[in-house]
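The following block contains the structure, expressed as structure tokens.
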Amino acid sequence: MQLGIIGLGRMGGNIARRLMRKGHELVVYDHNVGVVGALGDDGATATASLTDLIHQLKPPRAVWMMLPAGEPTEQTVTLLGEQLEPGDIVIDGGNTLYKDDIRRAKALRARGVEYVDVGTSGGVWGLERGYCMMVGADKPVFDQLEPLFEALAPGHGDLERTLGRNAPDDRAERGYIHAGPVGAGHFVKMVHNGIEYGLMQAYAEGFDIMKSRASEDLPEDERFDLNLADVAEVWRRGSVVSSWLLDLTAQALAGDPKLDKFTGAVADSGEGRWTIDAAVQQGVSAPVLATALFVRFRSQNEPTYADKLLSAMRFGFGGHVEIPQ
Amino acid sequence: MQLGIIGLGRMGGNIARRLMRKGHELVVYDHNVGVVGALGDDGATATASLTDLIHQLKPPRAVWMMLPAGEPTEQTVTLLGEQLEPGDIVIDGGNTLYKDDIRRAKALRARGVEYVDVGTSGGVWGLERGYCMMVGADKPVFDQLEPLFEALAPGHGDLERTLGRNAPDDRAERGYIHAGPVGAGHFVKMVHNGIEYGLMQAYAEGFDIMKSRASEDLPEDERFDLNLADVAEVWRRGSVVSSWLLDLTAQALAGDPKLDKFTGAVADSGEGRWTIDAAVQQGVSAPVLATALFVRFRSQNEPTYADKLLSAMRFGFGGHVEIPQ
Amino acid sequence: MQLGIIGLGRMGGNIARRLMRKGHELVVYDHNVGVVGALGDDGATATASLTDLIHQLKPPRAVWMMLPAGEPTEQTVTLLGEQLEPGDIVIDGGNTLYKDDIRRAKALRARGVEYVDVGTSGGVWGLERGYCMMVGADKPVFDQLEPLFEALAPGHGDLERTLGRNAPDDRAERGYIHAGPVGAGHFVKMVHNGIEYGLMQAYAEGFDIMKSRASEDLPEDERFDLNLADVAEVWRRGSVVSSWLLDLTAQALAGDPKLDKFTGAVADSGEGRWTIDAAVQQGVSAPVLATALFVRFRSQNEPTYADKLLSAMRFGFGGHVEIPQ
Amino acid sequence: MQLGIIGLGRMGGNIARRLMRKGHELVVYDHNVGVVGALGDDGATATASLTDLIHQLKPPRAVWMMLPAGEPTEQTVTLLGEQLEPGDIVIDGGNTLYKDDIRRAKALRARGVEYVDVGTSGGVWGLERGYCMMVGADKPVFDQLEPLFEALAPGHGDLERTLGRNAPDDRAERGYIHAGPVGAGHFVKMVHNGIEYGLMQAYAEGFDIMKSRASEDLPEDERFDLNLADVAEVWRRGSVVSSWLLDLTAQALAGDPKLDKFTGAVADSGEGRWTIDAAVQQGVSAPVLATALFVRFRSQNEPTYADKLLSAMRFGFGGHVEIPQ
């Protein structure tokens, strides 16, 4: 089928390419002329503006936005809302807050335009591995777009089937789901990212404990100078902690076991934060996910005011001076 | 090669079977006569006592203990120490604290007996998938036993090779490593389990947030009644959080999405605790691993004295009464 | 000066009484006729409705709401906004979210009505001890109301002066501050409550560790059957952890050391949650405050879905069965 | 009564002085000749060696060690054990691990020498405020030393009596307790310090949230430039979070609200760590106390290997680059 894509960065460009490989017809736009041209060379219809893109699409149109969440997406939704026609569909494949989806869908529906949110996981590897998608949409709209999700998803692949699974709907097994009404797709993707933070932090702490086991402060026979690249590698094979994040860890450590390339200031995205907001709103205990987020905040601020206040109190009650650095 | 195995439970029995399939000669003992007989039927030399087992082995002997950590293993080490001869090797494949390994190795070495610790991951799936092993041993002793590790390990399999890995030693890629001197094997396995707690807790919190999103306390258009079995299933395909633990989650949810079979009182083993002890000793920040452990403690004690004290304080300053249950 | 008070619960009633004791003139209303009558007996002007209250006050009026946050306060603000006149002042002394203050102040200002938020701490003890107040308001409005804050605050008392303090403004030393513009008062009070959760949880965990030290699982000479009432009492005297919350702990343990009266299901109020929302919004690491909140969530849900999922995974990889309860 | 003191640092010197003020007879020793002389000038019997100190004391002797925990205390116990006589008493007033107390008491008892552990809180303020003491000892030995504890403790003071307290034993109300057998004193003091970490961290996080509320990233009307010295000061008066640590916070902020004097590298002592070890051993959930400890570890290591690994994984799955610093 025909699809317009706005936003041809790492994710958007690869999504366009994967769809074309599967026989879909792409009309593309990005404010960066170069990437538009590159996709044109690969077979897409290159356009010069959002308005141009809309004109190149046959109604009922489907336009997939793959833009940074927040202002860039918001502005594009507004522009699309003004120019699209009843029956057209706006798809947000980015990392939008589910509450924004719900608000936008209401506004667009007033004009007869449909809105769909697609939580998309797969990162830079999606072109080859396929994308894992969680879709929030009215069911008929979802049905209309399903050929796209089918093409983007990894498919059954050679993954072993889940023991005991006998659901009649095999979409999940092919890599995409209709999660629920508008917002549900991004909600599930948000929690996915929240979990991701927790998983990453668990590995990070474990490897830190192993790294520091070589410390000369420890008794000599309890001191281990472990080959962490080998540890990550061996755990990939038959261990309980094998995962794709472990594969990436093994890869990072294979090339640079001391991780000297990195400063350790770890960014966080909105989804990690929104997951905690949701937990707090819902009254769900999520200490590991919250802690994983806070560790990132901490890494971005050195030293914190909080740490200084601890030092100040210690000085107050014990005359303790700080650790010299 | 010839190997004695003491302890033929789920793990020990399958280890024996996997070794026999690969052509090794097994002499086995367990205080449960039935399981000894069953392995005898499968081709092992069944023995009637630890002494009998020692007599059936040709020196230099290798004896693999696969017993519960603590007293059962400790007592067996003592008995073996009394009856084995210089050049013989005791292997502890269980979940022993690395400090106990170091202590025992010293004691046995005084009699010329070697000691090896093997951290073994793979659970009930190891017979088919192979076991992931982290070995602590003097290098020559490790070399002597290597045929066993090779046979037990999963091997290269069809797993994609880690990008950038070009270590000359491919043992890790075949599923076992010589982690370091005695104790190092169990130390690495201990951290592995500590990480496992963190990973499990991250998934558990995320799924809990999704589960409670159907709550009627939420605004109707922000309420999602998610199919968690489908979510777990779709994340297996191309998502960043895919892992073996996610596979198990998908499996559990496929059969029983409400998890009604479980009470939620979660046991913990020594290794989760020891990981925190090590972090504390080494001065490494491990808030996620510690929190994951504490969540288990909490699940075993309902209500806690701590919670009651919170209620008591609230009553004290605000006259607040408790939530009726 | 003259003040109207709406809401004569534990807090509102005592605030009215303390103000009258200091010579202020009170006009009061509550939907509960009985409490209105009781305050009338104590010297206040009792009124029969919000409209009646407004009529009894001389312009420019000041009306203090002491109502549950959320709907009850919101509705009252709306009604007051409709009936008050330019120059009048609405004071919210409850536990309102600072964002709601900011929104309401904007709406009221359009009608010439001022809005003030007062974070009030002191609980049931405030009538005697005085109330600690953090005020968010335009400075001239704050100045106008200052006699009320002075009367409600504890004053210098016999508290030792803070070493090194030489600020010209001694309001803080008398128990109230002009924290900043509208919203600032409730923001500071919100963080105060967030801290309170953390402090309470720290004591609760410590006493739990001491309580369980009598466990028969411990080696006999490391087992201590501690008198926790005495411990709390002795720490009140010269220890680093002395505090008002410790005083309350000592009080609770003096009467009921096993805390058998309590079930341990601990409620949480909006402010604990909003503190975490603020930390997340601001990118500040607040793991202790968040954990303290999550412990309360946990205490309200037994068992959690998260715990059950942990059990389900453990069953999946190791065939582990749950702890029998 | 007569008492020997070894170790005349900040704590030991002030303990000696407070005892002399109350009429006790002090015999003192420190390897620093200067401080011995100073106490001699204040009325103590100055001695030149540990052996000299023992000779100056009349049997049955009581010797109070006020030394750094670990090696210095251990060596002194060994020397005292060799030179003291049956009926003599060794008192450890330092921050020793309770397990070391238990071990030492056993060894000394074999020679007829008694051992007492005194957990002592009060810091540099003890000379004036008195010391809060938790004593682990056999009851008869405790009785023998009680005059010392009485003299050192703050006494009833003008602190309000705990509501509902009617224990016949008023020692706790005078500032010292017989916590239990040897080890119990240091155990209670250890938990005291564990709680202290949690309390400090709760305040630190709260003040950090308030500090960063002035950030220009926030919407202008939600931005508050709070006077934190005033906030701490006002909370001292009638608020729920008033405490001695808050007094110290107010003091620190009065002089240096930005805390520019401090680098934020916060030391930790053994007791914070041992508290977590105890919680883990006992299976008690202590997430706040553990987190408070880990925050200190984190502040001592910038950046952590864990943080770098997070960055490495993010680079792996998303090509994300780090935050520029």
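All chains are identified by letter, namely A, B, C and D, in their written order; residue positions are counted from 1 within each chain.
Criterion: contacts are C-beta pairs under 8 Å (C-beta built on N, C-alpha and C of every residue); 3 or more make two chains touch, one makes a residue touch a chain.
Source: prediction; values computed, not measured.
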Taking each chain's centre as the mean of its CA atoms, the one lying farthest from the centre of chain C is chain B
Between A-C and A-D, more C-beta pairs in contact link A-D
Interface of copies chain C and chain D: same or different residues on the two sides (over or under half shared)? same
Taking each chain's mean CA coordinate, chain A and chain C are separated, in whole Å, by 39
Cα centroid separation, chain C vs chain D, in Å, comes to 31
Rounded to the nearest Å, the gap separating the Cα centres of chain A and chain D is 47
Where chain C touches two or more other chains simultaneously, the residues are 123, 125, 201, 203, 205, 208, 212, 240, 244-245, 251, 279, 281, 283-287, 291, 295, 298, 300, 304, 306, 317
Per the touch rule, the chain C residues reaching chain D in their complex are 98-99, 102, 121-123, 125-126, 129-134, 153-155, 157, 159-160, 162-167, 169, 171-177, 179-181, 183-184, 187-188, 191-199, 201-203, 205-206, 208-210, 212-213, 215, 217-218, 221-222, 224-227, 229-231, 233-247, 250-251, 254-255, 275, 278-279, 281-289, 291-292, 295
Per the touch rule, the chain D residues reaching chain A in their complex are 10, 123-125, 200-201, 203-205, 207-208, 211-212, 244-245, 248-249, 251-253, 256, 259, 261-267, 287, 291, 295-296, 298-300, 302-320, 322-323, 325
The chain D residues in contact with chain B across the complex are 240, 268, 273, 276-277, 279-281, 283-287, 290-291, 293-295, 297-298, 300-301, 304, 306, 317
